[in-house]
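Each of the next two complexes has chain A plus one other chain: chain B in the first, chain C in the second.
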Partner chain A sequence: MSDSVYMPLLDLACGAFLLAGVLVLWRRDLAAIVRLFALQGAALAALVIVLAAHEGSAGLAAAGVAVGGLRAGLLPHLMRRALVAGGEGQESRPLVNVATSLLVAAVLAMVAYDASQPLVRLTPTPATQAVPVALTVLLVGFFVLVTRRRALSQVVGFLLMDNAITATAFLTAGGVPLVVELGVSLDVLLAVLVLQVLTLRMRAAFGGTDLDELRELRD
Partner chain B sequence: MTGLVGAVAQVVVVAVGSPLLVGLMRKIRARLEGRVGAGVLQTWRDLRKLCRKEAISPHGTGWVFRMAPLVLAGTALVVASVVPLVTTQSPMDGVADLFAVAALLALGSVALALGGLDTGTAFGGMGASREVTLLALVEPTILLSVFALSVRVGSTNLGEIVTAAVHDPMAVISPVSLLAAVALGVVTIAETGRIPVDNPSTHLELTMIHEAMVLEYAGPDLALIEWASGMRLFVLLGLLAGLFAPWGIATAGAGPVAVVLALVVLVFKVAVLGAGLAAGEVFMAKLRLFRIPELLAGSFMLALLAVAASYFLA
Partner chain C sequence: MNAAGASLLSALGLCLVSALAGATAPRRVRPLLAGLGTACAGAAAAAAGVAALAGQSWSAWLPGVLPLAGARLALDPLGGMFVAVTGAVAVCAAVYGIGYAKHGVDGRVTQATLPLFLGAMLLVPVAASVSTLLVAWELMAVTSLLLVLAEHARRPAVAEAGLWYAVMTHLGFAAIVAGMAGFAAGAAGESFEQLRAATLSPAVRDAVFVATLAGFASKAGIVPLHVWLARAHPEAPSPVSALMSAAMVNMGVYGIVRVGLDLLRGGPSWWWLVVLAMGALSALFGILQAAVASDLKRLLGYSTTENMGLVLIGVGAAGFFASCGDKELAGLALVAALLHVVNHAGFKTLLFLAAGSVLRATGTRDLDALGGLRGRMPYTTALFAVGALAASALPPGNGFVSEWLLLQSLIHALPTSGVAGAVTMPPAVGVIALSAGLAIATFVKAFGVGFLARARTPAAGRAAESPPTMICGMALAAACCVALALAPAAVLPALSHLVAVLLPGHEAVGGVVTLRLADVQGTMSPLLIAAALAVAAALLLGSVRLVARRARRPARLWDCGAGPMTPRMEYTATSFAEPLQRVFDNVLAPESDLAVTPTKESAYLVESIHYRARIPDRIERRLYDPVLAAAASIGRGATRLANGSIHRYLAYGFYALTGVLLVLAVVW
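Showing the complex of A and B:
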């Protein structure tokens, strides 16, 4: 693939990846958050496939398809099922309100850009120049994880972080060895399954998944 | 020479065309809502009617109140003459700086807010307070989203940004441009007081922003404000079209034919954008006042991401 096609496609995939991650902060509707997460998974898959096409590596392309299948297909499907079973449609009261959290995301983007400069300077290729995008999503994911109350949006925060880590791996090193990637993916899948079961149990036991109200032990 | 002609032509088009644009948008809304609606020329008739009335200023108001419409209309005309709508070779090119244009727009808004405060009524103060709250988020977003485009060009001169975009139209399709376009689109809606930020056709005390500030104005002053608001809408839509769809704008060395063509293209682009905006408004409800900062903070963040992306994806 020539550079004139590769650069815009890579930029577009990174832009979509970043945008989907940040828009998670904007939406209150849990179903929309899950959709955005699926969109981000698709952008990540597109990113990997563009990298694969640039390097002409079939293994990387297969990894891209696998990543897409897991993160744009299976995980959102599982979360949607948890959402239907849970019956809570809204992230009602995040700890930090939406306007402020969007501004915090802007600051996080600056921090990520600054922090990744040494990394970019090591090998200034187009792919490593997109590392700040992945780090921004990592920080935004962590922010979602600590400021949201619903179990499902915390799961999305956790998965955003994982998406970002995967993206960083592919952007900097052309991916990790297949065994490690498989292990991590299975870990994530398992974590989501466990969290789904946990959410259902919590709902059955307490009638809600607002984690702040579960601080006391009950019998 | 064509630069001077183009600059004069774009001021005339903005001045004459903005009430027609407002009329067109009202007509489209009426049609989509199943009404016949007044004609496109109705806004001009309204302005003529207002101008014939006696100028009245409320008891106890001072020069701030009387100056506000003049400053608003004056800044709108200056912005119309410097922004590259028809030609990038305006004789006032030195003023066509991003920061100067944003400052001129802000000056108009602040003058109107002060005019609203000067009346000392509850509505004037409320409207001014709301307007300034929004302004605090709108102005940085305008600056940032155009700044994101200027990084590629290496200049904050709007003429040069548009010239670069005319010569390299494919550069418009990039994450930077897309993010900046969405951000600038949202703040254009906010700045011109359209749905979902403000509803220009109601006087509901709980939600109105722009209408609350101008409640005490009457006669020629009100006509001037309505006309200036129309011009700001026209200029901002034209700027949006010029930055992200710069086809047809006359650049350096263009002949008189190119200027005429640019005028036609400008009118077409602004009419299409205005029609789209009006059609979108029919399907949308006004946001709660307390949700508007969320929308604007979101667009500010998109603009900031556009600037960041123009550095780290470049």
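Showing the complex of A and C:
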């Protein structure tokens, strides 16, 4: 693949990746959040496949397809099932409101851009130039984890962070070894399954999945 | 490979095999297999140590064993001595442990950990690089901690003792890591040969010595780092107590000698005066606490602190003399200290094993609840008597020989060591004399109250003698004590030789039957003293027989007509120590409270009186309790940070991460 095709495609995939992450902060409808997450998974898969096409590596392409299957297919499917079983369609009151969240996301993007400059300077290739995007999504995911109340939003925040870590790995090092990637994916899958069970249990116990209800369980 | 290396490796291999046997064998044969394996490992280690003392040296580099640096092992005379002592103690404790295991310590974890503990203790003195030493040291700490916790399900005090031990041993480890890492950073590498060749600035040398001294002294139970010892040693199962108190604490001494005298090749005299002062303080404080303790194993634990203090007096004096340029006296003091390590290992093994035998038979360690064991446990009583005599530093015992040598080296210090020596050595002599006197009182109490007279409780009255394996283990230790007492010349030449290598000079002590000091006036013959005592005793008995020719006639003991005497009238451990407690009231600061409850009808008629007396460890009270209280209050204050909200906990992580990124973005 020539650079004139590679660069725009890479930028497009990264832009979709970033936009999906930020839009999670904007939407309060849980079903829409899951859709955005699926979109981000697809963007991540596309990103990996573009990298694979650029390097001409079949293994990397296979990894991209696997990543897409997991993050755009299986995980959103599981979350949708949890959503149907949970019966709650809305993120009720985020701890930080939507407008402020978007502002914070802008600030986080700047922090991430500045903090990742040393990494970019190490090898200034087009792929490494995109590392700030991944770091931004990581911080946004963490921010979702901190400010959203529903268990499902928390899962999405956690998975955004994981997507960002995977993206960083592919952008900087052409992916991690297969064993590590498999292990991490399995971890993520298990975490989602556990959180799905947790959501159901919380709903059975409290009638809602607001995590602040758990406050009284401390020692 | 020579004999020393072969036996050391076979000892380590046997440790692993016994650990495997302890972990997998069925419960019925587990103590037997693990115990026999450990005993064989101990014997092989003792052989390796003796071979090393005889002059064989062995070293190995195993690059694959530890990551990055590889394991570096070397057996030299100094390490060999500690390997030999550890091995010999392990033989006694392992044979004893076969019989003792039925007393609730035959679980898989305990039986598998004991050989590993022995292996770790053997690795410490043969480690020849910083990383190997640190790994072996930590392995020793962790395995011994597991063993201390063996009976945690039965007594809550065990968990507390384990916690104290875990914290203290890891603080000590941190100090050693800091010191040794600083040392290795200043040298060309981390093997001991490179450390010996290193030239460090005086400030770095001071820091290295002080840090390692703190770590090693805490392992040796030296005041003020002794608080774990008097808790952990009593709460461990008795064979483990013996291993810890007779072998593990020695590693602290080994570390100080190895780092201070070997790797740093001596130092300024204040280092060694600090060591000497810590030793003197430990000797006095330890024996005072032992004298007033009424828990038999706690008493022995404090006695360990005392004896390690005496050893450190010797080590400190040796370093001090060496820094003053008096190599001969330095050699004598170090020989005395190392001989005391050997002697202490012998009698402390015996005493802890005998205490375990009493504990097994009566279920208690409280001297006030014992008594009357002489008739029911004759072997244990006789063997404890041997140990008590040895620990009292009286002439036919082995403790006497080393303390005499130590006194000789200190007394002859005056002419050469200048003002510092003239000021410090006489008090040190006084400390040794006082601690010897108090040790006699302590062990008269332990033996007289614990074993003689009449049983104070039904449990003590029902005591039965221990099984043969336990007696065999104790008898082995007793035989070592007697041999060391009568023929110290069997080990003294080897020790003198090793010291002459360490502090270049000629051998400090010679002679076979009569010990002759090479550089100062002084001769002593333990064998002749023992023979003279035996002859005197025989003469006395014979003359009593001659004078009292009438036949024996049983009669009732005179009881002032007050009716039969009850065990309640006997001296207890507390009452026996009471005069001592009065004399040292200011030091010990005993606590007592008296609650008198009058009857309802009249304030002048007493219904009941409750009296409680306690002698707390004053150093712990003054030094540790404030620190613990401060830590606890900080912890309570910090719970305000954790209010239970998941979002808040996540936010802490988020703020920390973005904060770090911001700092990086600004700084970079």
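Keep in mind that, in the parts below, the second predicted complex is superposed on the first by the 216 of 219 C-alpha atoms of A that agree within 3 Å, B and C clash if a C-alpha of one lies under 4 Å from a C-alpha of the other, contacts with A are read in each partner's own complex, and residues count from 1 in each chain.
One rule holds for everything that comes next: a contact is a pair of C-beta atoms (placed from the backbone, for glycine too) under 8 Å apart; a residue touches a chain by one contact, two chains touch by 3 or more.
From a predicted model like this one, the values you see are computed outputs, not experimental measurements.
Participant: Quick one: on chain A, after the overlay, do chain B and chain C clash, or do they fit? Just give me the call.
Facilitator: fit
Participant: By residue count, which of the two partners contacts chain A more extensively, chain B or chain C?
Facilitator: Ranking chain B and chain C by residues of chain A touched puts B first.
Participant: Hey, in the superposed model, what angle do you get at chain A between chain B and chain C, Cα centres, nearest 10 degrees?
Facilitator: Result: 140 degrees, to the nearest ten.
Participant: Looking at the overlay, what does A:A53 touch: chain B (first), chain C (second), both, or neither?
Facilitator: After superposing on A, A:A53 lies clear of both chain B and chain C.
Participant: Name the contact category of A:L198: first (chain B only), second (chain C only), both, or neither.
Facilitator: neither
Participant: Output check: A:L19 vs chain B and chain C. Expected answer is one of first, second, both, neither. What do you get?
Facilitator: First partner only, chain B.
Participant: Would you check which partner chain A:Q129 touches, where first means chain B only, second means chain C only, and both and neither mean what they say?
Facilitator: First partner only.
Participant: Go through the superposed model and pick first if A:L145 touches only chain B, second if only chain C, both, or neither.
Facilitator: second
Participant: For A:L103, select first, second, both or neither according to whether it touches chain B, chain C, the two together, or no partner.
Facilitator: first
Participant: For A:P8, decide between first (touching chain B), second (touching chain C), both and neither.
Facilitator: In the superposition, A:P8 contacts chain B only.
Participant: For the superposed model, what is the least distance in angstrom between any CA atom of chain B and any CA atom of chain C?
Facilitator: Minimum C-alpha separation, chain B to chain C: 15 Å.
Participant: Go through chain A and flag every residue that touches chain B in one model and chain C in the other.
Facilitator: On chain A, no residue contacts both chain B in one structure and chain C in the other.
Participant: Give every residue of chain A touching chain B within the complex, in rising order.
Facilitator: Where chain A meets chain B, its residues are 8, 11-12, 14-16, 18-19, 22, 26, 97-100, 102-103, 105-106, 109-110, 113, 116, 120, 129-130, 132-133, 136.
Participant: Which residues of chain B touch chain A once you look at their complex with the stated criterion?
Facilitator: Contact set of chain B toward chain A: 173-176, 178-179, 293-294, 296-298, 300-302, 304-305, 308-309, 311-314.
Participant: Taking the complex as given, what residues does chain A use to touch chain C?
Facilitator: Against chain C, chain A makes touches at 95, 108, 111-112, 114-115, 117-118, 139, 142-143, 145-147, 149, 211-212, 214-218.
Participant: Which part of chain C faces chain A closely enough to touch in the complex?
Facilitator: Counting only chain C, the residues touching chain A are 642-647, 650-651, 653-654, 657-658, 661-662, 664-665, 668.
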